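Each remark here refers to the structure printed beneath this line.
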Amino acid sequence: MTSRIEVTEKIIATKVGRGLKWSDVAAKVGLSKEWVTAACLGQMTLTPAQAAIVGEIFGLSEEERRWLTVVPYKGASADAKPGDPLIYRFYELVSVYGPTLKELIHEEFGDGIMSAIDFRMDLRREPDPNGDRVNITLSGKFLPYKTY
Amino acid sequence: MTSRIEVTEKIIATKVGRGLKWSDVAAKVGLSKEWVTAACLGQMTLTPAQAAIVGEIFGLSEEERRWLTVVPYKGASADAKPGDPLIYRFYELVSVYGPTLKELIHEEFGDGIMSAIDFRMDLRREPDPNGDRVNITLSGKFLPYKTY
Amino acid sequence: MTSRIEVTEKIIATKVGRGLKWSDVAAKVGLSKEWVTAACLGQMTLTPAQAAIVGEIFGLSEEERRWLTVVPYKGASADAKPGDPLIYRFYELVSVYGPTLKELIHEEFGDGIMSAIDFRMDLRREPDPNGDRVNITLSGKFLPYKTY
Amino acid sequence: MTSRIEVTEKIIATKVGRGLKWSDVAAKVGLSKEWVTAACLGQMTLTPAQAAIVGEIFGLSEEERRWLTVVPYKGASADAKPGDPLIYRFYELVSVYGPTLKELIHEEFGDGIMSAIDFRMDLRREPDPNGDRVNITLSGKFLPYKTY
Amino acid sequence: MTSRIEVTEKIIATKVGRGLKWSDVAAKVGLSKEWVTAACLGQMTLTPAQAAIVGEIFGLSEEERRWLTVVPYKGASADAKPGDPLIYRFYELVSVYGPTLKELIHEEFGDGIMSAIDFRMDLRREPDPNGDRVNITLSGKFLPYKTY
Amino acid sequence: MTSRIEVTEKIIATKVGRGLKWSDVAAKVGLSKEWVTAACLGQMTLTPAQAAIVGEIFGLSEEERRWLTVVPYKGASADAKPGDPLIYRFYELVSVYGPTLKELIHEEFGDGIMSAIDFRMDLRREPDPNGDRVNITLSGKFLPYKTY
Amino acid sequence: MTSRIEVTEKIIATKVGRGLKWSDVAAKVGLSKEWVTAACLGQMTLTPAQAAIVGEIFGLSEEERRWLTVVPYKGASADAKPGDPLIYRFYELVSVYGPTLKELIHEEFGDGIMSAIDFRMDLRREPDPNGDRVNITLSGKFLPYKTY
Amino acid sequence: MTSRIEVTEKIIATKVGRGLKWSDVAAKVGLSKEWVTAACLGQMTLTPAQAAIVGEIFGLSEEERRWLTVVPYKGASADAKPGDPLIYRFYELVSVYGPTLKELIHEEFGDGIMSAIDFRMDLRREPDPNGDRVNITLSGKFLPYKTY
Amino acid sequence: MTSRIEVTEKIIATKVGRGLKWSDVAAKVGLSKEWVTAACLGQMTLTPAQAAIVGEIFGLSEEERRWLTVVPYKGASADAKPGDPLIYRFYELVSVYGPTLKELIHEEFGDGIMSAIDFRMDLRREPDPNGDRVNITLSGKFLPYKTY
Amino acid sequence: MTSRIEVTEKIIATKVGRGLKWSDVAAKVGLSKEWVTAACLGQMTLTPAQAAIVGEIFGLSEEERRWLTVVPYKGASADAKPGDPLIYRFYELVSVYGPTLKELIHEEFGDGIMSAIDFRMDLRREPDPNGDRVNITLSGKFLPYKTY
């Protein structure tokens, strides 16, 4: 009896043990490194074909591969302690800029939200003479509230 | 005896009362709409010259303008209830993608964080035939941990 | 300097003082009682025309009506104590049936969510010889997660 | 020494391992998919006859089947992390619409609650040209407060 | 613009100021001291006739009396700090005896709950040579879970 | 190395496995079903003679029986999730009626508390043509605060 | 309309304004400084005679004096921030020595508690060549759990 | 690989299994029962000589004895559930008397705290015709805040 | 009726209104800027002579000056939101380095703590070609735990 | 399948078992005791060469050494209970002095923060005739907020 969390832990431990890179895993799956890493960390659902590739890379059993195709319980993985400084900086940005995002999105689009489901993300290195920067682009569909 | 929170509340109420737009305020200040909105919402520190422009727009007294030039206690403003659906979606993204951001930033840059201080943000409408999207670009300097 | 919360409190107090009914307010606005009540309780954004009708009913000033057209900070209103037995029963249903909803929606639709934005609700009395029942129909668009 | 939680985990793992569907399980039990899924997830109590059918499907031992007939400690199962986006949307609905539900139920029925015990739920796909919708009907007996 | 909380506070302050007793108030209303005290403390809904009697006793205005007839947001009143030793003892009883109540009610009645809505309570002094005792009888309808 | 929690879990699992009833256990111990169930669930301390009877019924080892005679860390047992609907109803009663209990006990007895230690409880079925009721009598010594 | 909290705040402000000492107040009341200070801080109930003395000292009105004779909602007063270092040291002692107190009291007395109601406290300066010490004696009646 | 928590659990289980008494353990160590019990419960650091005596009594291995000489992470032990009625009474005393302790210590000593480090405690039975009492004396050095 | 919090707010508002600097205030008081700022922010107790100087600078009344000489309830002031990025960095340091500080202090000093009472702090600018640094020196007396 | 937490626990247990000192470990690594201890406690990332030295000292396997070179999830380690008195004193300092640090850093540097990443710490014994002191120097780069 395995569970998705155990499969995630096995993937992480195998990655450390074999010194694998997420970008290489993503290239083999044929999708973005952002989506594939999230899927390997237990946040997204794979098709059987994708699960076969990931299972091959990380040496997963048939049952473990099947867990990859089941919709997981999402949200920060068991290993992610909320106090981690890197992740906290993103929480701080939401805290400092949250009302600003609310004001500007409503000013441009009216009442509604930016979807966190119909969503994609792109993370890249932005060269800079004063020290390279982390550049992240978020793109989510605007979903308007409707009257009824 | 005023406080920065009262100045923020006055700015918000005046904006509603006069039907002002943040992008127009930003154009008069001569900086991005993201930084200026954050400043008007009590998250950034203005120079006396910037405070004079903002004070003119919102009809602030001399003492209220001076509060704008004092470093504020930052973090979600008094009016922002954490349960707001638009702001929550950003928390959800940090929860779902937090470990992915951690893995990919470390894979590209090594141990360290994306600065939330040496940081800028750009929010714009991304036209899309399936419904326009909210597009947000985050750019923060990478700060490496060092041995000593 | 008013705020949306003060407008909501004024609407509630006026409703009690004059003995108004939400269904009558909704009929005058010409929309469902569910949406109109939510809007009057500070959860939805009205058009100027809708705000004029609501403002007329509750005797709101020009500035107070304008607040109704500003996107509010949503989530349980200031007056709603989480310990209220009626509201708690709905929390309990989410707690008892949450995983069931997750399993059945994924079984029918795959990975994704029921939108809480592109959403409508209908509440009615369901006559029953053993005691009438509260009947609530929820309808939310299914939003699938996508690979990228 | 087993426990109900272990029986639930075995049922979930077996379902994934054998690729079973809740609607098929419900058909064999002869009750709704909503009630049967909740029961399999450890939220409802089965009769010995129902437990025999479920035990047959999931290969449960005699002792495990007996646990299914014991009233369980209810509430979100051990596997359900509250941060899951699908389940959170329901919490958000309670937060945004909670006071509205309270106002409208009291307006229609007077002081009391919608029972979460004498309750049934029906979830189905609602075809829609703009994207199919999740349609959920809740029906709970109204229970009035009484003077004494 | 008053609110139910303000009416409750006025009732409490008037009771202290005039040295009234809850049992006398209940006698005038013609119902139990338990229900009437709960109603005066903002937990129950009065009929206009009952509100007239209570309003007379506590010198309430017409608008304040009308608030007594509106279903209140229930749960511990604003004045009740959870750390109060008398109230805490009841929480402790739920903590120490909660699982015992669950086991014994299920053993006697099967799966279901004791209603907290179709409920009455009686509190009286129980003379005892070793020191008088507080005797409280709770009576709530048993509500069974049903299959569907 | 066992612990009281393990002994409690063994008692519960044995009860399910053998289909025992708490009232029968209590009859053999010769005390009330309320006290004996609480003791078996790890909330009370048994004498060696009582532990021998309970140990006999549940097949406990010598060491496990000795744990029953050690004063336990009390409060809701490890298996009791606070979200359980039956137990929650009692919390709700404390929340809705807490201030009422405080007012009426002080009105009758003066400043002090109802003891949760010098306390007994009796739970029985109350036949009722509209549906049987759960009837619970609480009796706790009144303990007055004293000056010094 | 006053409340006990307002009376407490007036007593504290008057004490600061007039430079009074708690030990002098206690001497006039004729009881210990521990009980009298607790009563003035809103934790104990005064007799009318005691309230008259305290009212005289702090210049309280008739209504304010009557509040002193009403049983208060107890627990840390509104002014007491839990982070205060002096008060925290006592919490730390409970955390570090809590299990020790439990073991030693049970070893000496059996199952039961030290009453926090039938309780008295004495605080005095303990001269010491290495720096004077705070010496506090707690005395509470032992209350045994009883079978029934 | 053991840990201090495992050593504590072994000591507790051995004490129950052999029916030992803390006061006897303390007598063999030659220190107070308060300090020795706290040390055995994982709150204090033993010297190698003390660890040898304790290790002898509880049958600890060489590695387990060494853990007793390592400064532990202090605070309520893993076994201590905060809801335990005996321990809660001490929390209640801090809540009810915290501000009183603060006022009286400052009145006697000025600004500073009672040390929880340079501290000793003595617990004894106080015979009383109305029922014996638990008598606890706390003695902690007063540490004044200093200007600089 | 003033309170220490109101005095603190007046000091802060006056500082902003007049453009004062903490280091100048400290120079007039004749103590370190760290202690004087903490005192002005409501964390330390002033002598009457110090209060006279501070009262002169900030235009405080006689009663407000007296509040400065009363030991305050300490801990983060009412204006300090815990989410502030500057203050959070210090919390993060305690989180990341807390166990390290514990290990190294115990390795050097044995069991005990660094006093936060007999404590002083010095903050200065540390010039650095790669960007100036904030340099903070903490000095607290080591307090050993003692056996008894 | 190991994890970083297991490696940390092994390091701690080995240190206790062999009686090693952090300062000796640091000397062998050739870096400060502060950084090396933090790294061994799972807070910093080692180079393969550093991991080889640490692995040698603590007898780590090849896979365990590789975990030391993976960026860890940071923040208080699993063993660190927040209630520990030594670590709490640092939290208390942040609580008492947090606003002071904010005021003085902003007065000296303007809006920005002290980096917790580009940071170093030095802990040493400060001899003092009244009792030696713990002396800790913190040095973090000042990072200014910028307009954009």
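Chains here go by letter, A, B, C, D, E, F, G, H, I and J, matching the order in which they are written, and residues are numbered from 1 within each.
Here is the rule we go by: contacts are C-beta pairs under 8 Å (C-beta built on N, C-alpha and C of every residue); 3 or more make two chains touch, one makes a residue touch a chain.
None of the values given here were measured: they were computed from a predicted structure.
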- Supply the minimal count of touching-chain steps required to go from subunit D to subunit H. 2
- Comparing contact pairs by residue number, the option in B-C, I-J or F-G matching C-E for over half of them is B-C
- Item | Superposing rotation of subunit B relative to subunit H, computed on C-alpha atoms, to nearest 5° | 180
- Interface residue identity across copies subunit I, subunit J - same or different by half: same
- Note on the structure: Per the C-alpha means, the centres of subunit B and subunit D lie apart by a whole-Å value of 42
- From the C-alpha centre of subunit B to that of subunit I, how far is it in Å? 29
- Distance from the mean Cα position of subunit J to that of subunit C, given in whole angstrom: 49
- Item | Residue numbers of subunit H (touch at least two other chains) | 34, 73-76, 79-80, 83-85, 92, 95-96, 102, 106, 112-113, 115-117, 143
- Message: Going by the touch rule stated at the top, which chains touch which?
- Response: A-B, A-C, A-D, A-I, A-J, B-C, B-D, B-I, B-J, C-D, C-E, C-F, D-E, D-F, E-F, E-G, E-H, F-G, F-H, G-H, G-I, G-J, H-I, H-J, I-J
- Message: Looking at the complex, which residues from subunit D come into contact with subunit C?
- Response: 21-23, 33-34, 37-38, 41, 43, 74-77, 79-80, 84-87, 89-109, 112-116, 119, 121, 123, 125-126, 128, 130-143
- Message: Per the contact definition, I'd like the list of subunit J residues that touch subunit A in the complex.
- Response: 1-3, 63, 66-67, 70, 73-76, 116-117
- For the subunit G and subunit I complex, residues of the former touching the latter: 9-10, 12-14, 16-17, 19, 79-85
- The residues of subunit I that touch subunit A in their complex are 83, 85, 88, 92, 95-96
- Taking the complex as given, what residues does subunit J use to touch subunit B? 31-32, 34-35, 44-45, 71, 73, 102, 106, 110-113, 115, 117-118, 120, 143-148
